[in-house]
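Labels A, B and C are assigned to the chains in the order they are written; within every chain, residues are numbered from 1.
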Amino acid sequence: MSMWEYANPKLFMGWTRPVLPWMFASAGVCLVVGLVWGFFFTPDDFRQGSTVKIIYLHVPSALMAINAWIMMLVASLIWVVRRHHVSALAARAAAPVGVVFTLIALFTGGIWGQPMWGTYWAWDPRLTSFLILFLFYLGYIALWEAIEDPDTAADLTSVLCMVGSVFAILSRYAVLFWNQGLHQGASLSLDKEENISDVFWFPLLVCIAGFVLLFVALVLMRTRTEIRARRIRALEARARRA
Amino acid sequence: MLTVQNLTCARGGVPVLADVSFAVEAGRTLILRGPNGIGKTTLLRTLAGLQPAIGGEVTFPEDEGAYASHADGIKTALTVTENLSFWADVHGAPLPDGIFETFDLADLRDRLGGTLSAGQKRRLGLARLGVIGRKVLFLDEPTVSLDGFSVKLFADWLQNAHLAAGGIAVIATHIDLGLDAPELDLTPFKAADDAGGGSDEAFL
Amino acid sequence: MIALLLRDLRLAIRAGGGFGLGLAFFLIVVVLVPFGVGPETELLSRIAPGILWVASLLAALLSLDRIFALDYEDGSLALLATSPLPLEGAAMVKALAHWITTGLPLTLAAPALGFLLSLAPEAYAYLLVSLMIGTPALSMIGTFGAALTVGLRRGGLLLSLLVLPLYVPTLIFGAEAVRRGAEGLDPTGALMLMAGITAGSFALLPFATAAVLRINLR
């Protein structure tokens, strides 16, 4: 049995039902542990004081905002190439979750930016890129909502997602070209020299794991809802024909 | 020669016709019959390649198919001549002699598309078929809003120009064109309610 | 392909609104800005490159939904799809026709409006060049957006929502080139990057547009 068979809607409904509570539970545990550890058991930063602690919300949500789009892109490609319905519906299900992560990243960024830079918003390349990403999400969701036929909607949004990804990357570079910015460099990188210190790093990792698990759990749950909605539509269509 | 084997086609993701098979020799016409909603338009659009078939095969000489429906693609701001020569140019063919006379458009040559009556527009739309030089025609209700005289004009062109030159036509119509052509009733091919292959199938 | 281009141009001229409306819109937006920000010449001169670019972008957006909608409604799009003309070519020709009827007149009119906003004298050449290079990309991207929304009854608003984020890189490089020109800096970098976007759009988006049209036609 190939792995693609798990993408059959019925099988998908079957294996996700027992998995889903565990996903939510482990996401909750990770988030509680990571956030409590981060907020109450780490020292204040010598420059930024206690404001640095918002990093435990800001960085994971920013990371997931981008990863959600990448997941949608992969799911769209799978739909275009192999035409697995669950893949298209998962892309649809992920978009609103991605929007919320983008908004969390923007808001926590503003709250963090006020004491650090003296302003809630600046047209900094990173901030601007996230705002543009937010607009891309809105367009993608609006297109899904506007088209009645589910397969046509899946096809068109897949193409939009692919073209949009290219333009999102272009925008990222355009924005860097346009303004050099205030934002600090990446908080996380494989290059040890640039990394933040371990005291902040471990709780942050736990928070990121929590956000990833939360994202997966939410997408699975929303995909299940989409499958049910689609099944209702199919049953109604059959009832009308009979 | 047009052959259709076990063709299954869908409208809005739902199979409407299943296992349609027929063959039309060069120089022959096939008339499609069947009640409204049986899927004549869907079948013609599938044959013309505008929508994918769920299953089955359609074979005819490559790049010889043409589709015509209720919408004629007439531009209201262009004259009759300009409308026709546009399609001739797109298909890389010259305007054939006498095409205006054949479809009784000679007096209307310089009229704008927007000023034509419904029947005149229809004649212009059908004249397009005489201009593009395609051998296999898929016609959806070609005689809507035509008067008896114009129907005769069209049938004559089909018989004497198109079919005589080895062309093929598949026509969905409710009226008698006066052609000596076999008829295919689509009612027996109606897809069963639980027919497979639709886009909803995976969810049922 | 030339036949399609000529037909679209002829239709744009005869139906009216093609050249005139976009230009009038461009003029009105540019005239409204001083009412909004105040009449100080220095301020206007500084924001002129951005205003001219944003206004021409909005003017180009105005006529996008007509690129395919009329052909879709009267059935010509289905007829074109079954003609020997590849749909990819048709998409590119449609974008080109849109550019000739909107982008080109906007480009030619922009210097006159730059005068209204007291654009720096050094920037005029760059304004012309950047719009000349950049507006084709706006037309091609817009054509893709128009193809996406062609089957929808209320596609106009959605079209703007889909297309405007895609316009961001072109706008940034275009306005940046003019701004650098006005400040006496070297704008070639921005111009080259914008030319890259235009070339890339014309190389790739016709395929996406044709794919989307086929989906919408079925």
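What to note about this one:
The definition used in the following text is that a contact is a pair of C-beta atoms (placed from the backbone, for glycine too) under 8 Å apart; a residue touches a chain by one contact, two chains touch by 3 or more.
Which protein is which chain? UniProt says A = Heme exporter protein C; B = Heme exporter protein A; C = Heme exporter protein B.
Predicted, not measured: the structure shown is a model, and the values here were computed from it.
If you compare B-C with A-B, the chain pair joined by more contacting C-beta pairs is B-C. Put simply, the chain nearest the middle, going by average C-alpha positions, is C. Taking the mean of C-alpha positions as each chain's centre, the chain lying farthest from the centre of subunit C is B.
Taking each chain's centre as the mean of its C-alpha atoms, subunit A lies 32 Å from subunit C. The geometric centre of subunit B is 37 Å away from that of subunit C, both derived from CA atoms.
If each chain is reduced to the centroid of its CA atoms, subunit A and subunit B end up 49 Å from each other. Shared interface positions of subunit C, defined as residues touching 2 or more other chains, are 218.
Among all residues of subunit B, none touch two or more other chains. By the touch criterion stated above, subunit B contacts subunit A in their complex at residues 12-14, 193-194, 199-200, 202-204. Taken together, the subunit C residues at the contact with subunit B in this complex read 2-4, 7, 10-11, 14-15, 71, 73-85, 217-218.
Contact residues on subunit C toward subunit A in their complex (touch as defined above): 141, 144, 148-149, 151-152, 154-155, 158, 161-162, 164-166, 168-169, 172-173, 176, 189-190, 193, 197, 204-205, 208, 211-212, 215-216, 218. By the touch criterion given at the top, residues 8-10, 85, 149-151, 227, 230-231, 233-235, 237-238, 241-242 of subunit A touch subunit B in their complex. The touching residues of subunit A, counted against subunit C in their complex, run 132, 135-136, 138-139, 142-143, 146-147, 152, 155-156, 159-160, 162-164, 166-167, 170-171, 173-175, 177-178.
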